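Can you keep this structure in mind? I'll have questions shortly.
Chain lettering (A, B, C and D) follows the sequence in which the chains are written, and residue indices restart at 1 in each chain.
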Amino acid sequence: MLKIGIIGCGAIGREHINRLTRLIPDAEVVGCTDYYLETAKKTAVQYGIRTVYKTGEDLIADSEVEAVMITSSDPSHATYVLEAVRLGKQVFCEKPLAQTTADCEKIIAEEVRHNKPLVQVGFMRRYDPGYMEMKRIIDSGSLGAPLMIHACHRNVFQPEGFQTEMGITNVAIHELDICRWLLRDEYKNAQVLKVRQSSRSTKGYDNPQIVLLETENGSRIDIELQVADGYGYDIQCQVVCEKGTINLPDPNSVIKRADATCSVQLLTDWADRFTTAYDIELQDWVNCAGEGRPTGPTSWDGYVACAAADALNRSRGTGKFLAVEMIEKPALYS
Amino acid sequence: MLKIGIIGCGAIGREHINRLTRLIPDAEVVGCTDYYLETAKKTAVQYGIRTVYKTGEDLIADSEVEAVMITSSDPSHATYVLEAVRLGKQVFCEKPLAQTTADCEKIIAEEVRHNKPLVQVGFMRRYDPGYMEMKRIIDSGSLGAPLMIHACHRNVFQPEGFQTEMGITNVAIHELDICRWLLRDEYKNAQVLKVRQSSRSTKGYDNPQIVLLETENGSRIDIELQVADGYGYDIQCQVVCEKGTINLPDPNSVIKRADATCSVQLLTDWADRFTTAYDIELQDWVNCAGEGRPTGPTSWDGYVACAAADALNRSRGTGKFLAVEMIEKPALYS
Amino acid sequence: MLKIGIIGCGAIGREHINRLTRLIPDAEVVGCTDYYLETAKKTAVQYGIRTVYKTGEDLIADSEVEAVMITSSDPSHATYVLEAVRLGKQVFCEKPLAQTTADCEKIIAEEVRHNKPLVQVGFMRRYDPGYMEMKRIIDSGSLGAPLMIHACHRNVFQPEGFQTEMGITNVAIHELDICRWLLRDEYKNAQVLKVRQSSRSTKGYDNPQIVLLETENGSRIDIELQVADGYGYDIQCQVVCEKGTINLPDPNSVIKRADATCSVQLLTDWADRFTTAYDIELQDWVNCAGEGRPTGPTSWDGYVACAAADALNRSRGTGKFLAVEMIEKPALYS
Amino acid sequence: MLKIGIIGCGAIGREHINRLTRLIPDAEVVGCTDYYLETAKKTAVQYGIRTVYKTGEDLIADSEVEAVMITSSDPSHATYVLEAVRLGKQVFCEKPLAQTTADCEKIIAEEVRHNKPLVQVGFMRRYDPGYMEMKRIIDSGSLGAPLMIHACHRNVFQPEGFQTEMGITNVAIHELDICRWLLRDEYKNAQVLKVRQSSRSTKGYDNPQIVLLETENGSRIDIELQVADGYGYDIQCQVVCEKGTINLPDPNSVIKRADATCSVQLLTDWADRFTTAYDIELQDWVNCAGEGRPTGPTSWDGYVACAAADALNRSRGTGKFLAVEMIEKPALYS
């Protein structure tokens, strides 16, 4: 039984508490906290959580808490992760790991000091059955080496306050992780392209954007990124190999023939797209972290996604591919 | 150059003249006639046809005419076919060959007297690339023996005056031909089932209907038949073999993602569905009939479809499978 | 917390225990038993179940057990269900409810005596998201009244000892339930047709078979049934309404383009097809039975499936539709 | 009746002669020539062509020839086109119009001198029903403005002697035309990217390549280009608009379920992909050129494709978008 404390009781936090409580037999949520203490208290009552902590630091410090799940606001992630790692606790941190590569590097340094990985970053797509099957096929070698990825990530509505850079750091970040995972390769160069502005998107911010990446092996990746596509939440991914291609399947749905049209419904809410992946992800973390050897996306993976996002955001308007700059990979992560 | 005379200058007649004139180099339409002589005259002017005959009999009798195409009204087919065969001319007759099996048998007897097949019946689906590919796969034996066919034939609107029996003789007739062609098998028993009446169909007439057939080899066929489906012209056919299944492809169309829906357009007009099949059919007839050896659907095929339709229409309301009664197959047709 | 005792610790029994233990917070498996007592003991150890009972009757009698789950061998179902209902306990019984309609009627009589439904039968497809969406669309009325269902149920291999009748009672039984549930209609007539025997199936037993049903409203249902299709576990269902059709979606899978072929993998193991449905089903049962008002398939539903299967097996070889004979439906179930 | 002379009796030349002879009633092929005179003579015999000319210049000069079809080797196109235009004759020229933008400009100047367009370039995709339907949807405005195109053009085998630049000038040239036609927009910048080399492609030449284009309106286009994809001839095109997306349909094919796989066959020969488009294209040219007002792709369109290809080939290795440099568009072409 892994005793878990949760920092952040917002939507995704409560969903994860629900999963840990309902689906995962070897997990026990022993405590929680939130920036708004009332929210934490309500959540504790709802899910029968014993202890409400005043701060994330208190929660992390309590010896009762073996593992820390961080689902607080993005800017607060890094501090909590660092503190939990300092105390040698297992950590599950929702993406992003940190706002800056510098903060990621501090976390990495702390893990290196402990000489073991303690952190799993919430790149849940690695647990999606579709992506897992794609990886299995690529790794089997039956289609030869992977050469290209064509991907797109489309959201229906652009949330208020959503800025150009966030298209990379909050949306495309999932592709930045999943593409290198599929390819078993690292990024070398990156460039983001501005596209004719959709009248559906907020004036003054770039939408759509196109992300281009080149890997160490010379593979090319293009990612279309939309935050106001007007029709659905649509995630597509095609990997082109030497002998063939594979495509991420769409969620299935009833096929209707009516009104001279054959149609299937598309999802519009991102929350419906990767529910199975989230389930498997948390189960896997509890299993593996409980044994002190998390096997999911590491701090290094969080760092690489951050470094690629950095290069992309710096490239905007330059018309050039910029190098994705990274520190040397500690042996710990290989 | 095959010199062809056309009896019947209605819609399908003019379409075939257009094909013979425009697409088929070795065909020459030398004469035409129609129940409404004015129609024949106008058609002759439009397509540059030399001779307009007063009657079908005149056209058939003229030695100038080597081959006769019959696209007149259904009840008139048999008489014209019989007369043309009597004079030893090549005949292309739109389906149905005749209204009764008795008339079909007369035509067959006349061909037997000549000791060669002269007639091709307009079952154009045998020339559709989709059905042809299905047949190729079945005949290859790669999927084992065929065991069942599930088919449906759906029309958008029920024409005025359309009666229950015509669902079999004018609509399902195409399936009655194509199924035995696909299976290389003959019908043994047949039954038509009444179905909950669609409020879209004319009161007092059966629609939809379900056709059931059993073949000599024990294969089973079910055909859903609708004449007012309300959504499109939809032809589906699945052959189930011992090791797998094959499906007739839908016509392709642009794939649209919009309004939370992924969709393709369906056809609504039957005339758009088998245009390629018609093109290939007439080309083939001109080639083969020109050499005196038509290879398409024969009088026997027209007869079998008629006999199966008979059994089906007789079975209505009996709740039983009735035998499909046929004369012995003349050696000529094997 | 619903305290559940399990009778039958075979494959499906252990899977359900696993679900109840791992996924469903408000359920507690307090006891188990099995024909082979060793199996029950092992299962108890594996899942931390407190009590192992010598017999199903002992388990049912223990006041500690609030609800009984019956996953024992098919012929034993009825006796256990009857005894549990007699004691007023909630029951979840895997399909079939009983081997004979007579036994079903006894169970119904006992529920009527209690004047409340206590039994849920394991027709899990009602909880499959695909079927649920189909029902939602039909019930919305947007496509008009349902007129026909075309379904197929295909298994890869025919288990040893599998007999002709079992194709109906053990395989098509799922369609017998789901079709009337989709249509909100009852069966009137039924007929099973023999089909050309597949060389893949055991000599002397009918395979494939075709099931035909007519409902009170005149809707028609055809179900292709295969127990040795040679290619995959394939469940298909199309409902034809007055204005259009809807199809059950296939499980999704990676789309591969290679070797001049575009392909997706199909399932071959039935156990992979409805896992989500089983999860939702048990969760729903625990929720509703816990409150004393089960909302899933009732004894009546189990009875109707049994009555329809009876009519079908009696019809074999008669060439006739036989009436599906049922007692009057007790008010309890409406 | 348009009297046509053909320069170049190779594969595509003979196919076009076949179309003009067999499918198109208002066309007459009155003469032909070829670099290898024997080939021209054989072709003339095969298709009953009256006159064989010693040179293309002789053919163009003969007053008998009203319209010239140029299907000779690529480097010879420009000279013949220029000469035919000089004499005021209608011209159909297979792509490319010329090897250099300079040569295209000469042809344009000559048309401007005549003050009417005389040339149609063989960009047949504009006549493909799939692309036409895509354009219809875009032009309808129902999906809002077009923002991006994702396309790919994949060939199975790399012909001997096929060089890097030819990937652009001979393969992607079709996309260079169709994309601006779909978007009603002109190219501003262009860049070609080198991709990890496929082991299936000839050493030393770039394959795959990725083409990036930006239009005047800011729309972005990415085109994956492969000349040795190993699995099929695959043409894909998705246009992303403000409210949704549309995809070019694949050619349809029988759907097979066997061996735990659901599959359709893909084409492997490019010649099978656009046969309908070629048919419609030539019919349209004969109709319109016969009336002295060709409506298909003009010299200007040939020029723009050439200019874009130039920019792309110049950009290789620079890591930059280069401007697509063009002369001002003569009023003649708007």
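Everything below uses one rule, namely that contacts are C-beta pairs under 8 Å (C-beta built on N, C-alpha and C of every residue); 3 or more make two chains touch, one makes a residue touch a chain.
Keep in mind it's a predicted model, so treat the numbers as computed, not measured.
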Worksheet item: Which chains are shared contacts of subunit C and subunit D?
Response: A, B
Discussion item. Measuring between Cα centroids, what's the chain most distant from subunit D?
Written reply: C
Discussion item. Can you compute the centre-to-centre distance for subunit B and subunit D, using the mean CA position of each chain? Integer Å is fine.
Written reply: 39
Discussion item. Quick check: how many Å separate the C-alpha centres of subunit A and subunit B?
Written reply: 59
Practice prompt. Report, in whole Å, the distance between the mean C-alpha point of subunit B and the mean C-alpha point of subunit C.
Written response: 44
Practice prompt. Among the residues of subunit D, pick out those that touch two or more other chains and give their numbers.
Written response: 230-231, 243-245, 250, 257-259, 264
Worksheet item: Considering the complex alone, what residue numbers of subunit A touch subunit B?
Response: 230-232, 234, 250, 257-268
Worksheet entry | Complex contacts: residues of subunit C adjacent to subunit A | 21-25, 130, 133-134, 137, 142-143, 243-259, 264
Worksheet entry | subunit C-touching residues of subunit B, taken from the complex the two chains share | 144-145, 147-148, 150, 152, 193-200, 208, 210, 212, 214-215, 217-220, 222, 224, 226, 229-231, 240, 242-245, 319-321
